[in-house]
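The two complexes that follow have chain A in common; it is paired with chain B in the first and with chain C in the second.
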Partner chain A sequence: MREVAIVAFAQTVHTGHDTGLTEAEMLHPVIEEVRRTTGLTTFGFTCSGSCDYLAGAPFSFVSALDALGAWPPISESHVEMDGAFALYEAWVRLQHGDIDSALVYGFGKSSTGDLRQIMTLQLDPYYLAPLGLDQVSYAALQAAALGGDRGALDEIVRRSRADGRANPHALDLPDPSGDGYEVEPLRPYDIAPITDGAAAVVLAAGDLARELAENPAYIGGIAHRIEPHYLGMRDLARSPSAADAARAAGVGKGPVDVAELHVQFSHEEIILREALELPEGTVINPSGGPLAANPVMATGLIRVGEAARRILDGRARRAVAHASSGPCLQHNLVTVLESAAESPEGADRG
Partner chain B sequence: MPSDAPTDVPTDARAVPEPLEARHVLEFPGGYTRSTGPVIGRFLTELRDRRIVGVRTAAERVLVPPLEYDPATGESVTGEYVEVGPAGTVETWAWVSAPRPGHPLDRPFAWATIRLDGADTSLVHVVDAGGSRAMRTGLRVRPRWRTETSGHITDIECFVPEVTVITAPVRAEYRVRPGRALTRFLEGIRDGVFVGGYCAGCDQVYVPYRISCPACGSVIEEEREVADTGTVETFAINNLPDPRAPEVPFVSAYILLDGADIPMIALVGGIPAHEVRQGMRVRAVWVPPEERTMSMTNIRWFAPTGEPDADLSAGRPGGGD
Partner chain C sequence: MGNRCAVIGVGQTRYTTKRRDVSIAGLVREAAIRALDDAGLTFADIDAVVIGKAPDLFEGVMMPEAYLADALGAAGKPMMRVHTAGSVGGSTALVGASLVQGGVHDRVLVVAFEKQSESNATWALSTHLPFGASLVVGAGGYFAPHIREYMRRSGAPDHIGALVAVKDRRNALKNPYAHLRIPGIDRAMVESTPMLWEPIRYLETCPSSDGACAIVLSSEKAVTGTPAWIHGTAMRSEPLMRAGRDTVSPRAGKDCAADVYRQAGISDPRRDIDVAEVYVPFSWYEPMWLENLGFAPENEGWKLTEAGCTALDGDIPWNASGGVLSSNPIGASGLIRFAEAALQVRGMAGEHQVDGAATALGHAYGGGAQFFAMWIVGSEKP
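So, the complex of A and B:
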């Protein structure tokens, strides 16, 4: 495999409300920031992740290209998924060997519509969507299948929100309180907040990575796996696809200092922690994670960026990022990020 | 795609401009047409006829609802359809106490994964159980079909719990007479006095009046009037309505009338229920003389006298300890 590293990461100051910017206007500053950080104005490949249903406009991702300036024509692609999956596509593209850099971004404004109902539209149109099964309801089914300890769940939310308050990009949310249910067994605070935001990452291969960053965050392993869509065909208390992806990405091949997990509901942290077999000492979601800021379609990419940032600035040597797609953790992407010294091939990197 | 024009456009240049905002609706009027294919089509066709079928996989598993491919192997399913259910067992459930506009029921309900009898996978559907306390893993449920079926997953309006409880009506009418002793006692109540019976052999005064001694069986020869004051020996706070009580909660108490040797059961009122206590001194509250009949309703209840509490530990004054 060709060595590919994250050399820059930028994200918006995420908001819990619509600030009045279009998606492209919201995205533009983070593109500017990674261009400044790397000094690159053009990239060998550009790939984005977004969802047209968030804004309710067809090809809204095409409008977002205005934030880049796509003339003369650029080599570009898009996934109707979280930006983390766009990063996977960019990583594959860099494996071709003919280009050395890629720009990846994700963006979303959940404030525009009703996210819970919009997420119904991603469900199987014959058996699930006609029932009106909404996002919080199917997550509640998974939480019930897990039967997680309430004290442990509360602590996950408390820790995530406290870390979020310390993160200038995340929302300021109070400690969890109240005993009402949104959909039993989920309490309102178990649910990631409605958030608008965007994020961008620059990938570089080979010598370019060392030129652009003092301490590049090398992608030591990256893999995604998927489960059947229909909830009744799965054991919702477990995530075998996340476990398979983690094994394929090599999570267990070394210590994990930090893990950034795409936890949109508190119980998902318990499921993912077990699936990824994370050691006790691993710090989970030091950014606050999605429970502190959940700009849908950027949230997974931010997990990769936050994990990479800790390697870029020297605070961690090996980190794991997880991103998810589909109902009840159906599809999971796991990325292992390593400093040069940590990687088996690190010696070659000088 | 229809989008409404913004409404509140500021006209006064000095006013702080309201942010421009437009309502925007994404909709396929009349719905989006989708082909079902043969497998899902078969399921929906059977559903229209009020049957639920699964499809068998090469590994002999029955998928409900049917899929075109075995999710475990990716192989095509066999094409053999198996009727399942209609009853099933709840595996996992989540309770919606405030239904959203898009939800299938307009009253609180459960989402559930339901393992239909004969199926190897679970159906995601709705359970109309009344309240979350009725829900549990293992609950047996059956479909409630819509009056008109059309070949849609919502032909099953919801699932409902199997019958485990019925309410049986019980009612009979009688004409009862009080008997000699109680008639005598109620005559006293009509006249505003409590009539007891004294057993000389046992040295006990019984209230209400009786014609024989329940201890020794001898005939009671002597009537004794006792006071309409007494002491609460024990009591219960009742939270279920009773036609004989004025309100809920009410207190019924064993009251040992002064001069009697056994307590009489009566209501206690004129005091919050939680302040009633053993040893409390009480007095009968009578209705006005002109309203009295031969009925215990002559006494509204017993109310506190305000005297210091009696010491019950010393045993009954009459020596009945």
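So, the complex of A and C:
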């Protein structure tokens, strides 16, 4: 596969409340930031991820084009998925060889609705949604299926929130405390916070990557898999789709310094860590991860950006990013990022 | 453009107002299985699935690819969900083709659908405060002023729209999947129907349909059956609110056409293209897009329509299938254009086949005439 690297990443200072900005207004500064970082004003391809249901209005992605100032008209597409899947589409497009750069972004304001109820609407509308099973309830089913150790789960939240407090883009959340349940066995602090935010990434291929960044974060492998929708058809304690995607992306082909995982509930970290077969020494979610800031539809892209950032600034040589979609980790995307010192060969075909 | 890619299977459902007999999953699966049958394949032969549809509010299912993964045999595979407004069906085909052209997969199943009977299209298409002033006019009310401006600029006579409405509905009588079937339709009948959004009369608008369309895309080495080779693909988008953008003949449409023609080696579209499936949801968009796509000089598109050039027996048939004016499951309407273009160059369009069609254009547009997706397919390898 053609060598493609992440050369720039920007994200908003995420907030736990509506600041009064529209999605386009929220997005505009991060687009400008990656333009400044790279010096690129136009891109060979642009792809974004967002979801109409967060705002309860159609065409969330249309006004984003106004934030971009897409003139002259641009080659552009959109996925109704997390921005990480838009990054996958852009990576595929760069494989054609006729363009060298791509802009990817994702954005969402979950503060404006009731996310927990809204997520119910992504279930089978005939057999599952009418049961009223909300997002926290089905996550609780998965947590119960796993039966994770309470002390280990508390430590995941404590570590994530502490790292989040050290990350200027994440929320300031206190150490976990209290013994009440949101939905047993999930405690309120096991759940990623409601967050508004946006993120943007620039991909570059070949020589352009080396021109734009000192240490480009090369995509060594990228792959995703979906699994059956019905929760009863799956062993919820495991994530075979994440494991398959990790194998296809080549996670195990080298050491992993850092892994940024799309953990929206503390127990998901345990499931994903096992599925991705991450080594003992891998630092998990040094940004704080989604448990410290979860701007839905940008969260997965931020995982890729945070992992890439550690290669771009020279702190890591090989990193893994994970993004997820669908109820109970139904759909998983895994990206391996490598510095030039690691072999960019062996990129998987996904 | 990357590696060679071909359409090797096409499947459609019979478009209709209400498909009460199937669920959403049943609807998309029906189209998918027909496309696989056409290619002589099964779900096991597919590497990845790409699904597209217009706003999720149409059915009230958020990000329905999660729910539809099982029905489309996607479990254990990669699956993508595309949404680019009305152009989405076309964009979905292009995202699927990109996976083959980029060398990532050999066989990709592309599906697009809308089950409009589940909801109310005008509601699902309208933004409201605080996101924008709600006009509650739907797509027809939005596009009517653009059409009036076209009439003013071009001096086109009032009856051109009715001619398109008659021509496309007559074509639909030859297409077993078409939704609207109006035997005996003529200009007087169209002109006798109520004015909805001046100058658009009732029979000059597209219907609301339930339906799904699917295609199987293949790399060169994995081709089965009769291929329609992709000679060019392009997408273009422009901002809705840009002051001074020309909504009658948008630059994004012109740029998109120029890009896809360059890839396919087309210098004169009217001469070089044998048949075109173009997104015409309101009758007047035929003359407007004839100009935007370079088939006619500025302000003269209506003359081609009036002279019968775009009829099935004209020199450049447009919408031989009956087009969006005859069938409109919105999220699928773009993919139907792309699929019908492929059927024509495969020689498999049945009664509405254009004899000897070797090069065809598939076109879709969406949003406020700001998103465009196009491809050129041919019977010969590029």
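Note that the second predicted complex is superposed on the first by the 343 of 350 C-alpha atoms of A that agree within 3 Å, B and C clash if a C-alpha of one lies under 4 Å from a C-alpha of the other, contacts with A are read in each partner's own complex, and residues count from 1 in each chain.
FYI, a residue touches a chain if its C-beta (ideal position, glycine included) is under 8 Å from a C-beta of that chain, and two chains touch if they have at least 3 such contacts.
Just so it is clear, the model here is predicted, and its values are computed rather than measured.
K.L.:
According to the stated criteria, A:Tyr181 is in contact with first (chain B), second (chain C), both, or neither; which is it?
P.N.:
Once the two structures are laid over each other on A, A:Tyr181 reaches chain B alone.
K.L.:
Applying the document's definition of touch, where does A:Ala8 land relative to chain B and chain C: first, second, both, or neither?
P.N.:
neither
K.L.:
When the two structures are overlaid on chain A, which partner does A:Glu76 contact: first (chain B), second (chain C), both, or neither?
P.N.:
Once the two structures are laid over each other on A, A:Glu76 reaches chain C alone.
K.L.:
Under the stated touch criterion, which partner chain does A:Ile226 make contact with: chain B (first), chain C (second), both, or neither?
P.N.:
second
K.L.:
In the superposed arrangement, does A:Val92 touch chain B (first), chain C (second), both or neither?
P.N.:
second
K.L.:
Looking at chain A, does chain C or chain B touch more of its residues?
P.N.:
Of chain B and chain C, the partner in contact with more residues of chain A is C.
K.L.:
Considering only touches as defined above, state whether A:Pro125 meets chain B (first), chain C (second), both or neither.
P.N.:
A:Pro125: touches chain B and chain C.
K.L.:
Touching A:Leu337 in the superposition: chain B (first), chain C (second), both, neither?
P.N.:
Neither chain B nor chain C is touched by A:Leu337.
K.L.:
In the superposed arrangement, does A:Ala316 touch chain B (first), chain C (second), both or neither?
P.N.:
neither
K.L.:
Per the contact definition in the header, classify A:Leu133: touching chain B only (first), chain C only (second), both, or neither.
P.N.:
first
K.L.:
If I apply the document's touch criterion, which positions on chain A are contacted by chain B in one structure and by chain C in the other?
P.N.:
53, 57, 125-126, 128, 227-228, 230, 233.
K.L.:
Provide the residue numbers of chain A that touch chain B in the complex, in ascending order.
P.N.:
20, 53, 56-57, 116-117, 120, 125-128, 130-134, 137-138, 140-141, 143-145, 181, 183-186, 227-228, 230-233, 236
K.L.:
Can you name the residues of chain B that touch chain A in the complex?
P.N.:
Those in contact with chain A are residues 19, 24-26, 32, 34, 36, 40, 44, 63-65, 67, 71, 91-97, 100, 102-104, 111-114, 121-126, 132, 152-154.
K.L.:
Would you mind writing out the residues of chain A in touch with chain C in their complex?
P.N.:
1, 22, 46, 51-53, 55, 57-59, 61-63, 65-66, 68-81, 85, 88-89, 92-98, 118-119, 121-126, 128-129, 223-230, 233, 241, 244, 325-327, 330-331, 349-350
K.L.:
In the complex, go through chain C and note every residue touching chain A.
P.N.:
Going by the criterion above, the answer is residues 1-2, 23-25, 55-57, 59-70, 74-85, 91, 94-95, 98-99, 101-105, 124-128, 131, 234-242, 245, 250-252, 255-256, 259, 367-368, 370-371.
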